[in-house]
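Read through the structures below before going on.
Both of the next two complexes hold chain A, though its partner changes from chain B to chain C.
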Partner chain A sequence: MIEAQPEAPASFGERLYRWLDARFGVGKLVEFARHKEVPVGGHSMVWYYLGGTTLFFFTVQLVSGVLLLMYYQPGEATSYESIRYVTAKVPFGWLIRSIHCWSAHLMILSLVVHMFSTMILKAYRKPRELTWLTGFLLFAIALGFGFSGYLLPWNELSFFATAVGTDSVKSVPVIGQWLLEVMRGGPDVTINTLYRFFALHIVILPLLIVGILSGHLIFIQVQGMAHGMAHQRPDRPGLRFFPDFLLRDLLLWLMCLIVLAVLVYLLPYGPGIPGMEWELGKKANPLAPAYPGIKPEWYFLWVYQLLKEFPPHLLGMEGPQAALLVVTVLMGIWALVPWLDRRASRGQPSPMFTDLAIAAIIFMSYLTLKAWDIGGHGVPGKLPDPRSTAWACAWITLGLASVIAVLRLLAYRQRWMYFSGAALLQVVLNGILGMDYLIAGGIALVVAIGGLVVSRREPAPQMGVPR
Partner chain B sequence: MTAPLARTAKPARRSLLNWLLGVGVIGWAASVLYPVLRYLRPLSEAGAGGPLKLSAEELATLGKSHFVIARSGTRKVIVFEAAGELRALDAKCTHEGCTVQFVPGDSLLWCACHNGKFDLDGRVLSGPPPRPLVKWIASREGNDVVLTMEKA
Partner chain C sequence: MTVLLPLLLVLNQAGPAPAADDGKLPPSLEALFQEKDKEGKLILGDPERTYLKKLPPHTRELIGKDVDALTVGGARHLKALLALELPSQNAAILFSDNCILCHTDPESQKKIHLFSADPKATQSSEILNLKSFVSDVHFRRGLSCSGCHGGSPANDVMTADIAARWPKADVRHTDRTWIPEFCARCHADPAFMRGFNPSLPTDQLSKYRESQHGILLLQQKDSKAAQCVSCHGVHGIRGPKSRQSSVHPQAIPETCGRCHADPKYMAGYKKDDGTPLPTDQLASFKKSVHGKALLEKGDLGAPACNSCHGNHAAMPPKVSSISQVCRTCHSQNGTFFDGSKHKQAFEAHHWPECEKCHGKHEIMKPADTLISDARDGLCGSCHAENAKDNPECNATARYFRSSLLELVASGQKLRPQAEALGERGLDAEPIVASIEELNEAIVQTRARVHTFDRGGFDQGAKLGRDAVAKSEALVQAARNEQRYRRNGLLVSIGLMSLLAVAMGLKIREIGRRRARASQERQGP
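Moving on, here comes the complex of A and B:
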């Protein structure tokens, strides 16, 4: 008679796993996780971490935001006062607010770098079009978070930033006025606007972002991360996600947290760059004039500068309306890139879209530098001079663009530079030769279209040829 | 023979039902959406643009900083003294709606948001504003200053 060997008693964890598996089939998920890999080779691994860091800062935003909510009281007599109370009286209140502000900026920074790297590496190409599109929507929502959260302290800075930002929606055809009043809760920015922005900031946008973010993440799980284009080697084993990549992710997040803590401790009110500071300042006063040097957050600066560059009237439109039409068209092109870039969707190199991203960087850098009035403060006490600002900013942009161009030529052997060349031409014509910004832009546009036509006639580059 | 008849009659009945269902869904969505859209648009505030008398406090600010911004209903008016003459204009910049200020040294009105400049009659001197500022008439009545909007 053989006695049954008593089995070693299963641990609690094991029993819990079996219990769950019997009911929900968790085993399949574990099996999936075991095979999940991150592609190796083709390009630097760095670019695979940026979505994760964005997600990390978003989580910090959720936690710190909920903590701020414990003290914040929206209202004419309480918004500003409650934020002042949080920062001045509540133990570590300054810390929580500073974390919320710093992490917001770092989240957008991480998101922007993530988006540009996805663009340049063509990770949006078939079959990942919807991952790009949901990512674009997440970007738009992140900007909405920044914009709506800006008003909540009800201080002078936020008041005018919101006045300008919301005023621009009146340019929307047909429903502009309706939209303006719905956003503001009346014809002007009042405390009613704050109530609406509060609802937007803490309920509507979080709900939207959770929904769209889920889609974005599910797409990535289903399709996996994109391989590099030029050196695609499907046979090469990737890096295991669990635990190899995840542990690297966690280490990076820990480093992000340390950077955040150091920044928050050293510069609790931001680095003091216009568009990146959150000193509470004076309470909003609707009857005070806008004060000199008022600027929106750094990621809106290029639009702010564009509004300044446009003349009062253009082609039968008012200046702001034309400027916002341009911004809308550019954003539309950006959102539809996976469908416009047909070469990449066929797996062929598409240097044109790499160059489009570089052109976007040049275009926005120049406007942003100008918005900071760099080089314009010649005489103390006088307003910055736009001419000398343009001169200095053009040279800085030219330097930056040259470094990028040399790097592309030597390290990546990229030759297609019609778009970035056109963007740089506009910078030179406007900043160095003093031509009107829009005329320079028109000339640059003609050059870009010319380059597009010329390169269409050339045969498509083949796989294996350096991009 | 009923089978062929049923086969021809069925799609017609089905498409009618689909159509009715579609109309019903659209009607339902519209009846939900309409009240929400109406609810979101705030009621318009009354009492805009009537004659306005500056308060003692506003007069003190005017004397001290050469200009003051007053509210008339939903409008904001900037009152300033240039070359001994009292003037008033809409304070809301026609570009993106910031509040302008009077710069006594340069005898102009300036909007700090996008560097729009207006002359003392509200005409655009430079910068992106597309339209002039609406003029108001500022008159002294005894010790008071009364503002009325200029008829277009």
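Moving on, here comes the complex of A and C:
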């Protein structure tokens, strides 16, 4: 006779799980997680990790930001002083500030690469339009975080950069001046501006980002990660999210943390590139003459350069107004890409939008390089020469674009290059042949439209051909 | 609310409103706007009308009366006067002064009597520059032509009393001895001057009489000697605070140099010892530490000619007083020198104190290497001649030199160290502050060279050495902190790398397990 074995008592963990399951139904969530998979094949897995790294840097921002907040005191007599105190006296204060600054830039970098990879891989296509849109909003909020946080140390560089940055708001038609005063808390950048930016940085933007980020993450969980396009390599069985993908994600985060630690130690005030430096320097003095060579953060540099390229007046508008209009239109197109790209939404190859992303890279790279005055510092002590700058930047951009084009041709057999060709034409006309930037842009626009018309007449690419 | 609104409207309307100025011009003035030049174009236009409308009504009336009285001779005359764009108060002075009005009318005046805004264009003398005249300190205080020339601003013809106060024209242009007394009629009268500028001294004439210029002009009747107008000008006199003034501190070297740097003008003038008066002072001063500070850096505290020589009482400082002149700014150095061994030696030789080592107009920024017992060194050259075979002095000079050079070198070594540590994110501010203390101590130590005594010198040098020791300790502490950070980073990276390797192994193990399971599912 076999005696019934007494049942082993449940462990504490099992009992807790049962307790929670009885009340909140966590079993369904666990079941969901158990079957969650990340697509394999189609394209490189690397692109699936970029959202995670952005989230990682955002978490670092949250933690380091809260730690900084424990010492930061906004005010005319305290903002600069409290940051000085943090970096000079508070144990590991220098570390926290440097991490906060470095991580901010790495977060934006990761976000930009994530956004471009999503664009090129068409991961925005139906049914993920809202994931793209929320991602775009997150990008805008991240830029807002960068802009509002920049002023908080109340030092010379941040003061004048904010004065120049907010000044461009004046170009908004009709409400420009009003908007400027709302942003600054008056006609000029004063301590009232800092109070507004502080509220924006630590309350308003975090509230917004929590809401939108939750939406972005929920959409991804509900819809899963986007598979490769049907015409690309056939999918293989997916990779289990728990624990396979998550472990890889965590490993990458750990490596990001190591990179962050090394950067913070070696370059505590940033790499020293204009728009990527945060040495405290002197306290802001609104009565002092403007800080020479003021440039915004690197991710705003292309807009800054575009404003410089425009003449004082254009087509009955003020130059900055026209430049702002161009930026708004471009951003609008970018945000609405999932609805504009009909082919991708039908699951068909959509080389035009791949090329649009490459054209955007060429367009922004050239402007950013020019804003850095690369190649323009021929004579020490003199202002950089715009002609030499344009020449050098054009050749660099040409080199970069050639590498991308060869890679696309050989590795991906992509041939639709009207947009990127037009963007490169503008670079060559302006930088190498010395033509006016806007005239070169006009010619490039005509070429791009011509290419669009010609490609419409061509037969649609066949499935199975990687485009 | 309905009750309040009318009440507010009533309150808003309460009180007589000031009469609005319609900007209307008197008819005679309006008529000038119809005058045309030879080419048939209107002479007066919108700019003149806009300016006139901004003037108070009574000033417009005043100009209208001038037009009626023909003291404003026509549109061209009025245009020249309005082009000055005077503030309304000064415009009132100008248009109520017949002397100015007649002497600015190109239609009625000869070129030699015509004031104009551009004397070159009208071929009149530069001293008749109307723009300078209307910015003259006297004009701006309401003291116009008649104040010096006599007559009355209300006169509309030349009267006998005009220029009667002065010597006749043939005398006054060659004999300038009358000028100081003439200006002193007002400037030496405290009661009169109190009405204009109570703080302005009234002793200029008495000082001038004692000055070298005064002695030459008033006693030796040398009309080449400088008097009031030589430095202050005639029409267009400005106070010394005005940047455009010829007696502004930065303009004084050139003003004095107009005569003193002109070898032809100064030919024949001699020093007390009979040697010709040099004319290289201005060139030397411009190269000197004082000249560079005043003229290049714009440091108005730096001395100009008058700081050492005086202005109205200008006289070359004598050997006995030259060191006192330097002491007005460099008092500490003077005090140290007074207590030094050199004081008696210098007195015995009748040497000017400061000038002996530093020079006078060409004073250079003193270098520490000047202190040297070598034959060609500052100390050595003098001692070789006057106090040779004095090993203690030589040792002291060497000690001063080496100590100062050591302190300076320490500062030069520490500053880049502080900058490098700052760039690595360490708090370099205390180090920089300590280096500033060192620099202050070096200044003190250099001043104490004038004690010519080791004990006195060391009081400054010790401060410097203490600052060096403090800075070095701070640099060392910062380097320790840097090492601590580096070690912390290495330990953290080590731990994180271990964790990463463990995770990598786990990922591989899971991968293998999945592959095995997959193979088992597929079967042999």
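One rule holds for everything that comes next: the second predicted complex is superposed on the first by the 455 of 467 C-alpha atoms of A that agree within 3 Å, B and C clash if a C-alpha of one lies under 4 Å from a C-alpha of the other, contacts with A are read in each partner's own complex, and residues count from 1 in each chain.
We adopt the following convention: a contact is a pair of C-beta atoms (placed from the backbone, for glycine too) under 8 Å apart; a residue touches a chain by one contact, two chains touch by 3 or more.
This one's a predicted model, so the numbers in the text were calculated from it and none came from an experiment.
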Q: Could you look at A:261 and tell me whether it touches chain B, chain C, both or neither (first, second, both, neither)?
A: second
Q. Between chain B and chain C, which makes contact with more of the residues in chain A?
A. B
Q | Which of chain B and chain C A:248 touches, first, second, both or neither | A | second
Q) In the superposed arrangement, does A:293 touch chain B (first), chain C (second), both or neither? A) first
Q: Quick one: classify A:24 as touching chain B (first), chain C (second), both or neither.
A: neither
Q | Which superposed partner A:98 touches (first chain B, second chain C, both, neither) | A | second
Q) Where does A:312 make contact in the superposed view: on chain B (first), on chain C (second), on both, or on neither? A) first
(Q) Looking at A:187 after the superposition, I want to know if it touches chain B, chain C, both of them or none. Which is it: first, second, both, neither? (A) first
Q.
Quick check on the output: what are the common chain A residues between the chain B footprint and the chain C footprint?
A. none
Q: Please name which positions on chain C make contact with chain A in the complex.
A: 423-427, 429, 485-486, 489, 492-493, 496-497, 499-500, 503-504, 506-507, 510-511, 514
Q: Over in the complex, which chain A residues touch chain C? Could you list them?
A: 87-89, 94, 98, 240, 243-244, 247-248, 250-251, 254-255, 257-258, 261-262, 265, 268-269
**Q.** chain A contact footprint on chain B (complex, rising order)
**A.** 40-42, 44-45, 69-71, 74, 76, 78, 91, 95-101, 111-115, 124, 127-131
Q | chain A - residues contacting chain B, complex | A | 160, 163-164, 167-168, 178, 181-182, 185-188, 192, 286-294, 304, 307-313, 318-320, 383, 386
